[in-house]
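This is the structure, below, for whatever I ask next.
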Amino acid sequence: MSGEDVVAITPDKLNVEEITEMVKCPQAGAVTVFLGTTRDNFEDKKVIKLEYEAYVPMAEAEMRKLCHQIREKWNVEKIAIIHRIGIVPVMDASVIIAVSSVHRKESVEAVHYCIDSLKSSVPIWKKEVYGDGSCNWKENKE
Amino acid sequence: MSGEDVVAITPDKLNVEEITEMVKCPQAGAVTVFLGTTRDNFEDKKVIKLEYEAYVPMAEAEMRKLCHQIREKWNVEKIAIIHRIGIVPVMDASVIIAVSSVHRKESVEAVHYCIDSLKSSVPIWKKEVYGDGSCNWKENKE
Amino acid sequence: MESAEVEVRLLFFAKSRELVGRKEDTIKLPIHLLPAGLWEGILAKHPCLQPISDNITIALNQEYIAREETEPIVLKEGDEIAIIPPLSGG
Amino acid sequence: MESAEVEVRLLFFAKSRELVGRKEDTIKLPIHLLPAGLWEGILAKHPCLQPISDNITIALNQEYIAREETEPIVLKEGDEIAIIPPLSGG
């Protein structure tokens, strides 16, 4: 079943339709999709864009580990985890996770677990670039 | 904020890109999307298609109530709940729910709550049509 | 003394629509009645619904009403009463 | 007697890349050493990392290693050691 998993790091704009199609299948009754999108503010500062950087081969390996963990915990059909790097403008997605399953509970829980775990285990970093020209490397708290 | 909610019943094919765009906004860092899709089987029977029927004005009113309930429970930005009626072929979505929020937890939990509640409160019915020509009105168990 | 009657609309969906063989009907019902009386009145006019009567919910003007409710309902001319078989949306 | 040394690759990312001013370097380190010794060796060569040293994780050949681990590491020529500042993907 792990042949059904797609993980990727890409500099290209992410397309939710395309990533949803990757996980659709005739036996699945549910698809859950999560998009992490660039916000226009951090505390009182105006955010212009984010710049993402990844340790690509290790990030992809950690994303494959997440797929294995999901399959140990839930009975899911297909998994796609795609993370964008480089500049990500406000409202664009930096990450899209899609999971299909026969029944709805599995795909929703798996996606929730996946985004939480991705933030704590996958070597990717973002720098916020503010309206005043300053910038800051972020740190996932949770 | 409830002006940000979109609810609809439509005979048209649902487009995940379009519905995701409805809820994206600059202050949101997360969008969660759920798609209910037609499965090709029920127990040992081959399913050809589903036929959905709705009590349209009441279904839309119940979907608006779901939006209010979500906003009482979670701090979310925008909500879209779109349900297709008529014939829905295998792998097509019968329902798409999309919710945006500043942080990820709210949109994931709100979408999970929304699909569970939709199944128990919104007057919509589906008939499964099988490969042998027989058919059956379904009943949500949960 | 019998309660005055009003004519209300009946809407049928899914299995109930198939059993009745139509989407809509009208029915004369007392202005004041208990939910249980509403069920009885509808089943009296449409006995074909009997096989699914335990699984039917009713909505009055697009609001669910509880069959076991002991507070009487007040009907108005033209009210919309929907016969709601078990839901299967999603 | 000193342990024999090997040359390994060092990769820097995000804040650590900016502090060091480059993406990659090489370093000679003992074949056998504790994780704590690995941190020390890297900080000795790149003291500019000192301000963030408490927040750095290290990956050896794309596997995280725990700084407080008391089992020694065995390095091979050409091993890939990545300096991992706090993650902020997603």
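Should a chain be cited, it is by its letter among A, B, C and D, assigned in written order, with residues numbered from 1 in that chain.
In this text, a contact is a pair of C-beta atoms (placed from the backbone, for glycine too) under 8 Å apart; a residue touches a chain by one contact, two chains touch by 3 or more.
If you're wondering where the values come from, they're calculated on a predicted model, not measured in any experiment.
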item: Longest centre-to-centre distance from subunit B, chain (CA-based); value: D
item: Rounded Å distance, subunit B centre to subunit C centre (Cα mean); value: 27
item: Inter-centroid spacing, subunit C versus subunit A (mean Cα positions, whole Å); value: 49
item: Centre distance in Å when subunit C and subunit D are each reduced to the mean of their C-alpha atoms; value: 74
item: Chain centre separation in whole Å, for subunit B relative to subunit A (CA means); value: 22
item: Touching two or more other chains - residues of subunit B; value: 36, 104, 115
item: Shared interface positions of subunit D, touching two or more other chains; value: 90
item: Each pair of chains that touches, named by its two labels; value: A-B, A-D, B-C
item: Complex contacts: residues of subunit C adjacent to subunit B; value: 11, 13-15, 17, 59, 62, 82, 84-90
item: Subunit C-touching residues of subunit B, taken from the complex the two chains share; value: 36, 52-55, 57-59, 61, 83, 94-95, 115, 118-127, 137-140
item: Residue ranges of subunit A touching subunit B (in the complex, touch as defined); value: 15-17, 20, 24-41, 90-91, 93, 100, 102, 104, 107-108, 111-112, 115-116
